[in-house]
Amino acid sequence: MSEPHIETPEELDRSDARPVDEPAPTGGSSPSSSATGDPDLLLEVDHVTLRFGGVVALNDVSFSLRRGEIFGLIGPNGAGKTTCFNAMTGVYQPTSGAIRFQGESLVGKKKHEITRGGIARTFQNVRLFPEMTALENVMVGADAHHKTSVLSALFRLPRFWREEKSGRERSMELLRFVGIAHRAGDVSRNLSYGEQRRLEIARALATDPTLLCLDEPAAGFNPAEKVDLLALIRRIRDTGVTVLLIEHDMRLVMGVTDRIVVLEFGKKIAEGTPAEVRDNPAVIAAYLGVPTDAA
Amino acid sequence: MNFSGLINDFGPLTVTGLAQGAIIALFALGYTLVYGVLRLINFAHSEVFLLGTYGCLIAWGWFGLDQNSKAPNFGAMLAYMALGLVVAIVASGLTALAVELVAYRPLRRRNAPPLAFLITAIGASLAISETVGVLTHRNQRGVPPIIQARTVITIGDTHITNLQILIVVLALVMMFVLDRFINGSRLGRGIRAVSQNPDSAALMGVNKSRVISLVFLLGGLMAGIAAVMYDLKIGVTKYDAGFLLGIDAFTAAVLGGIGNLRGALLGGLLLGVLQNYAAGLFGSQWLHAAAFVLLVLILLFRPTGLLGESLGRARA
Amino acid sequence: MSDTAVAPPKAKQNFRGNGGVRGWFGRQPTWVRAIVTLVALGLAILLPYAGDVPLIGPQIVTQGIDWPSSLFNMSYYVLLALGLNVVVGYAGLLDLGYVGFFAIGAYGTALLTSRDSLLYAHSGWSWLAAAPVALAITMAAGLILGWPTLRLRGDYLAIVTLGFAEIIRIVATSTPNFLRGDRGFTNIPHPPGQGADGKPIFGVTDATPYFWLGLAVIVVVILGVRNLDRSRVGRSWLAIREDEEAAEIMGVRTTRFKLWAFAIGAFIGGLGGVLFAGEQGFINSQTFVLQFSILVLAGVVMGGSGNMAGAILGGALISYIPDRLRGISDPFFHTDLYEYRFAIFGVVIIVIMVLRPQGLIPSRRRAMELKDREKEVAPL
């Protein structure tokens, strides 16, 4: 829990790696700049602390995401990545601190409001609706912005036809985008593991997010599948969606992200570009000191 | 509303409620034990209790006792009590095992969805209670006066009978024994293991099927004791007695936190007492309605009951 | 893994979604499906004459059965099963007190129409005028029950809904002037309409017209529920049933759609009650015992939860099986088996559920789920 020692091989100790406690000279990592409303800022995590009973899961964590980037949140197992993630998507309420999305606080918002506001996510352990078909799963996501309710559905009013048609087309398009269109009519429980992961991404994209959060999307993937996934993540970014990637596999993150924040024991220990972070002694200590299946 | 009635009869209502609650608590244990291990409501537990209430009556009938018999002397009373308890426990225990064997085990083998278990349990409950109903021509059956209720303690206006003391003490003792068994014995450890993580328990060599049978059996034993107490307290039983009191017992289990042994005790006693207060306040026909309103209110603030769900597990 | 073999291979085949009659039906072009549906509907309309069919007719319509009444009973049981299927089968909310809505529908009708009612001034309402008001009251009751209980998980919800039905029954028994307990309400008017001969269509001697009325209501309900099922509403219900938290994170307004499920379920249950009151002309507190809603739940799950064909079959069976036992005496005591109807029925339920854990007509989705689950069976 103490500050990481800088005792790593000195070829790794490059000058551009900086200790976390000092504010970053550039970039959106300084939350204090948020109040001014930088239009480039998408999400700000502002001194967030989260306690469960006596356990401090997140300790004064701050960072921010800019529009259009692929942002990595990494750390060894148990570092608080998923907790952070859950706080951002409304599953947990932070004990203190604020999370702002496009300048608006997320604290106290309902989960479905956060989703409709533009944050979508996938789950570390796939959580599809197992008895629904792949297409139906994606359509649930697309329904987030629909207004069809009981009356329009019951009497098949024009809104129903309009939304059903556009939702279905959009969902099929997304299934094609992630490469599982041929499984559209299959019950999602019967999809292969890799297909289920892709389906989750399609479902999240269907909510038309500004920010897509992927929670260890590569878990259980073989190297070839990982390469495909990286390509998919880049394509998602190219459609204009900001991507937040949670991973403990350093290599995967290094290959795709623009910027990275490293958590350890619920604290931020480093922030910067992949190159900066890779060479940060604190990060190396964290990864070497806590044996994980990273790399 | 009859506030003066409640205040005037506060003592007697409390005592009656505690005795009633003790029976409910013993009955509720069956729901809680099965739920703790299987996460399923054993709807047929009411019939486990029902056959207990008839079991001891039949045993006493062997000795020519019926509701018109004279009260036996002290020695005979002890013998009859022991006999009644043993027969009721055997009847209830065997019923519980049979229910598990017929309504649960085949579905478990086929990995049926949880609703299917609820429905087979409902089927078993219907089959048993209705068979009893037909055989008894849906008439009630009187209980011989094995224990003559006598006031032994008087505090102000409140008279406490020997029977009430017996019921409450017996319930507390059985609860203590069961708690020691679950938390202290090797078999109990198996139960706790399965309730916390059935899959790893199976991997660690716990025989899950045996644990499940054991849990049904334990619930049956407790229901058997509750059944004898019920007979003595109420004086009659009927084919639908299990169903009606079963709703109370299930409510008590949920009230205390289903799956939680101490919760069942707390829930049972609380329910018994509050039902009697409600009866004093609004009239006895509102007794059950009040219990449910109370349950809803408590669940609104504590969605998993007063003590939370757990069977031998630390409270979160 | 060795337990995989326990599941009989026959069952596997039966449960396969794309095989069997259902699979065949799904693959047919629209016009074939339309014809099949119309033929089925036609047969349903002709059901009152089933007894005239040679050979099988006398097997279905036995001596002891008052067949038209039996059919009418089936029709409102089917309605209840369809409504409960929305709540339990689609939205996954375990409701053990569904009879409460049936009772509210019936009592609502009685209160507005019967001469015994406190609300009766100089003339009561007609059945037709009372029906929409009674249904509105029932829907409101669904919302009132739904709102405080939404936070509760499955089994807690079960006991609270059970309590709800009990409270309604207790109110009915214990308010001698309002719901009149055992005395009940008499002279509830029948539905309107006159035949060519000037006699009312809905009389007291023959229940056949009531069956047809019930059938018409069932058809409307089926169409409505189908429309809901195949829309954002149905998808939201299924998503809630499958994984409520994930659904909410995907933007599903869980509270709103759970309340809708309750309200729609209540509405359909209320319909059953309104029909029942109109046919019987008399209701009292004995009519609405708790076992009743448990029976309906058994019907839904036995038929195949989450699937309308199953709910219809299950609803019809729970009503028909006891009737079928009328007039048959057992070989030992020579009592009428009708006495044993619920006991036998209990055994039948167990047998059906053990042989077909997914119900008689498993929904396509559940069938696939079972297929997959068989692979996961943990060693017991």
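Which chain is which? They are A, B and C, in the order written, and residues in each are numbered from 1.
One rule holds for everything that comes next: contacts are C-beta pairs under 8 Å (C-beta built on N, C-alpha and C of every residue); 3 or more make two chains touch, one makes a residue touch a chain.
Molecules present, by chain and UniProt name: A = ABC transporter ATP-binding protein; B, C = Branched-chain amino acid ABC transporter permease.
Just so it is clear, the structure is predicted and the values come from calculations on it, not from any experiment.
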item	value
Of all other chains, the one whose Cα centre sits farthest from subunit B	A
Chain with minimal offset from the mean of all protein Cα atoms	C
Where subunit B and subunit C are represented by their mean Cα positions, the distance between them in whole Å	32
Chain centre separation (subunit A, subunit B; CA means) in Å	50
Separation of subunit A from subunit C, taking each centre as the mean of its C-alpha atoms, in whole Å	45
Shared interface positions of subunit B, touching two or more other chains	none
Multi-chain contact residues (two or more partners), subunit C	366
Sites on subunit B touched by subunit C in the complex	35, 41, 102-103, 106-116, 118-120, 122-128, 130-131, 133-134, 198-199, 202, 208-209, 243, 247, 250-251, 254, 258, 283, 285-286, 288-289, 291-293, 295-296, 299-300, 303-305
Subunit A to subunit C touching residues, read off their complex	89-91, 110-112, 115-116, 120-121, 123, 127-132, 136, 139-141, 143-146, 148-150, 152-156, 160, 163-164, 167, 187, 189-190, 203-204, 207
Touch list for subunit C against partner subunit A, complex	224, 227-228, 231-236, 238-239, 242-243, 245-254, 256, 260, 264, 365-366, 368-369, 371-372
Subunit B-touching residues of subunit C, taken from the complex the two chains share	3, 6-7, 11, 88, 94, 148-149, 151-156, 158-160, 162-164, 166-167, 170-171, 173-174, 290-291, 294, 297-298, 301-302, 305, 335, 339-350, 353-354, 357-358, 366, 370, 373-374, 376-380
